[in-house]
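Take a look at the structures listed below.
Shared chain: chain A. Partners: chain B in the first complex, chain C in the second.
Up next is the complex of A and B:
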């Protein structure tokens, strides 16, 4: 039976041991029953494909990105040896003094200011409502995550149709319609993108909050009710603190999504237009790194972006997480 | 990472809160009759919530309805009346038009291979490592577990350039399925879901099987996997969304339309070709419907498996 033969044994277990960077030697004088590699050394073999995958495809490129950002790096034909001198912070200085890059970071700032509070607020309110309703629950839940599971490329098509100059949204607004229209208006392009992403991602965050709400014991609401606490008081004093850890996660994930923005400025506003008003850092990475052949600048931009996200995440954790133990 | 720790322990925190608030005057159980009426009061609040949810559902679903209506219009009708079906303005031509510019079936097949490949690697290797992390004792287990948690924090934008250099330039995997699949091959969130489900199984079950002399692979295949079938559905659904909807990476890797997933060929149509079409929006919306339909259908069909608790398990720990 192939199952048995694939069972492996000590030899393959040792190969996996080497991969995980552990000493592969077996000790005959192992104390008690405990083997040096653990009671089921085969676990190393079972983990090996995943460990190798993560190291080769995710961990190595992470270091490589930092390497590229500190060198004068350019694309060459495969296996051609060229000199790629160390240039220190040059790439970073070039990137950070580029007005287009500064603009893209300002754009992401606008995006986050609109997207994150809107996401947290709306998903918590809707999840809370969903938690109370018994009728049509499944229908609501499904309709909320349908945008989340749909390809952005597909929904962008409808938004283009809805928000064009003579689209349905402007038809409904009549004289209130902005001119120039939403996606070609340099003041409104980024807010529209932020609104789009909020709408698209909200279903996932509603599910997260819904899971967190299950952990709040019903008795809390009951006793608050007995004490005469209004619905509003209950929401602020029981629900909001009760889902605080979920809120930290939601703000973090919403921020990461925002920093990763690419498809929307590329398609919705036709390449970060008008005039760079909706470019995102990742869009510039694509433009500089791959279209213009400056991977070193793009890598530096990526590093700056990630550091920025980490800083924002730390600040958010302080603000949203509230009391630190 | 501290953020993760915080997220992995919501239960404890809630219990703390519960204990603290339970100690307030007027705690639970003081007046049972009043508590019962409180439950009723909460149910009565249902109406306001219901209206709110209905408005929400309209906002979420309308664009999809409009996508379908628009894809059937002979000429785009952007007036309010255009949002309702109009028999004199219905045509299937948009689907033919978009199919002539980008081969829809080919695009769907490519999306399917890309997504299927990712799901294949995730399920095979994810089950192995998930089982090992949950039910096996071996050296380096903590390292593997820590790595699995940390990997989920790696931002993809940082990997973009080095992966492009490696996969497209160094390994020459441009315009190949493998090049598309590689960065997503094993979904760490799915690994985490597998581990969580395997962890819920009693370890005595596995010890007994081991004493009976069953090999680990046989235990996994014949005992563990049949018990965690819901986990496999959940993990497949979670994994599916990524590659099926992914645009940036396959867009960078594929220049040849014969191998592009539908999301990429449709995006290229939107940004380059549509301007020359007679009814560009009709064609775009027709393509959008074809791209959206499989994902929407799958998630409506399996909605039971995609519920909050499952998502929660992948996040809470």
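Up next is the complex of A and C:
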């Protein structure tokens, strides 16, 4: 007889006396199993694929990167024996005292200061507008989304056409065109990259806000309208607080993707030009880790970047999220 | 305080164990395993090779493999193009680490060899009894440039693309310049011609070398001119930087003038500016002949030095063949290496790709080919006077250091050439001295 049928019998057909007599023997064992597997053991099975994925694809590489960052490390062929001594904070010191690294963090700071507020503001306003559009709604939504799903390599050509020395923007600006031009100007290269990234990713963030907007009850707007609240008052007092959770998400995602900037300066400004004005930390990680064979320095830089992004995200969550959570 | 459940704790311990095991596994330790070095170099059997994805080289590669396989049914070659990546070197480096590199790569960049060697990914070709002799007899003294700092040879010099100065005859004619005998004999004439071209309105850019920060971009602006200006000095000699010199600064000043006077663009061009008629001159090797054949009415002259010269040097832009340590049948791989670089196969490579096999006395060896393809003759003559990237530790980082200093001073004018070159030379010397 299987354990299951025995249990079933106990639950359905056995007398109270029998149950009472056997229960004390089984209870500690069952409790032990219950404690070990939790209240819903099946949940472990369902969550296992994702847990394994997180461990294999995120936790392990991150842990390994931390390990590499504290050692004199380079990649070797299997079976090649080399010393990889523990070097303490040496890699961190080398990286943090490198002027190119310092500049890349300053560059990414400029990028985030421009990109994140612009992304949050524009996507909220445009999502609000799209939410009210009744005609051509799908057309507009798709139009905003197309740049997001198009490969950067393809879209970059359009921006080069717009922002090069003889590009459309300078043609329109005439004598007001900057000299040196946008992408080779130390002051304008990073802001131009930030604008490009804002435009390219706007569609995704608009979708997030559109979803959040559906959760705001119409009654709130009707009440505000009855009370004489203008559109601006409605937007500021109902819409903005109503999508706060989406704002937190958009801010965090824009910050994280912005801090990991690589493709755009690689393609738009020839690998962080002019003279390093649009170099990003991730681009330097690629240079040091992959091209130059210094994964220890690249890992140290990566760890610093992760910590930096986590700190910024924490501050943003406190500022934007308010007391929501 | 939130308490973790037993399951969470067990899972955490399991995760840490997995990570620990992974770290130990990736630690690079472990016994040697497998065969000894001696038996590996004599082992025969099937091998894998990679070649470039350039359509002309693919054609040559397929024919070479077919020819070998027909004659060696027990030692067949399994060939494929180098897997796609940002660069071939990244892909090869990853394959070395993963232990699945092929036996041979027919497109190994000399600049990457020191790094591959450090990774333990290459087989010294001197370990074959006839290795050193074969290379010396085929390539002559030029082969010495490819010797590593430990005195061994980890690459077989295969083919070069001697860089020359291409010019667009139509743009020259439009600018009122003599397109058949252009004034490009010296660097001063080069600058004067550039001024005339832009001033005439025939082109907005006399020349458009990429201003990008990639470490290899200097091979196609500064380095060929520097080689021409210095009787073929490499970037480093005896472990010391040579570019912080009169010759180096002269070339830097020339390019500085081009950028300051807007004769060369500081912007990135997506594509080949010369091939699309956006610039009047360009530095490239013989591979470009096939590419420009139906697009540009071109001419080519040797890269000018500061003085007129008939025997100036240039950058080789060579790609070599290397054997990778993951190869089990190294005996076969070595035989394939020799077969693929034999006189017959080199002739086929020349005919299919227009690139110059690194052989002694190339013009005489393939006299018939050059008689029927005179456009290639100047490249064959130039092939004997080429300079390679120095084979030193931290080669890529050294070139990146130079490129950064060059971009900062010459292209964008944010520092004086003197200060930038002196600073770069100090750092380069330190990098070259490291193991």
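By definition in this document, the second predicted complex is superposed on the first by the 265 of 325 C-alpha atoms of A that agree within 3 Å, B and C clash if a C-alpha of one lies under 4 Å from a C-alpha of the other, contacts with A are read in each partner's own complex, and residues count from 1 in each chain.
One rule holds in what follows: a contact is a pair of C-beta atoms (placed from the backbone, for glycine too) under 8 Å apart; a residue touches a chain by one contact, two chains touch by 3 or more.
Because the structure is predicted, anything quoted here is derived from the model rather than measured.
After superposition onto chain A, partners chain B and chain C are found to clash with each other. Once the two complexes are laid over each other on the shared chain, residue contacts for A:145 go to chain B alone; chain C is not touched. Touch criterion met: A:222 reaches chain B, while chain C stays clear of it.
With both structures placed on the common chain, the touch criterion links A:290 to chain B and to chain C.
More residues of chain A lie in contact with B than with the other chain of the pair chain B and chain C.
In the superposition on chain A, A:157 contacts both chain B and chain C. Applying the stated contact rule after C-alpha superposition, one finds that A:183 touches chain C and leaves chain B untouched. When the two structures are aligned on the shared chain, A:270 is found in touch with chain B and with chain C.
Legend: residue contacts after superposition of the two complexes on their common chain; A:252 is shown touching chain B, with no touch to chain C. Of the two partner chains placed by superposition, A:191 touches none, neither chain B nor chain C. Using the contact criterion defined above for the overlaid structures, shared-chain residue A:109 touches neither chain B nor chain C, since it reaches no partner. Only one of the stretches 7-15, 61-69, 79-87 or 115-123 in chain C has C-alpha atoms clashing with chain B after the fit on chain A, and that stretch is 79-87. Comparing the two complexes, residues 36-38, 44, 51, 59-60, 64, 75-76, 78-79, 156-157, 160, 164, 166, 267, 270-271, 290 of chain A contact chain B in one case and chain C in the other. The touching residues of chain B, counted against chain A in their complex, run 2-3, 6-7, 9-11, 13-14, 17-18, 21-22, 24-28, 30-31, 34-35, 38-39, 41-43, 45-46, 48-50, 52-53, 56-57, 59-61, 63-64, 66-67, 70, 76, 78-80, 82-83, 125-126, 128-129, 131-133, 136-141, 143-144, 147-148, 151, 154-166, 169-172, 182-183, 185-186, 188, 191, 215-218, 221, 241, 244-245, 247-248, 252, 263-264, 266-267, 270-271, 281, 284-285, 287-289, 291-292, 295-296, 298-300, 303, 306-309, 311-312, 315-316. Taken together, the chain A residues at the contact with chain C in this complex read 35-38, 44, 51, 55, 59-60, 63-64, 67, 74-82, 84, 100, 156-157, 160, 164-166, 180-181, 183-184, 186, 267-276, 279, 287, 290-294. Those residues of chain C lying in contact with chain A across their complex are 5-7, 10-11, 15, 18-19, 22-23, 26-34, 86, 89-90, 93, 96-99, 101, 115, 118-121, 204, 210-215, 265-268, 270, 325-326, 394, 396-397, 400, 404, 407-408, 411-412, 414.
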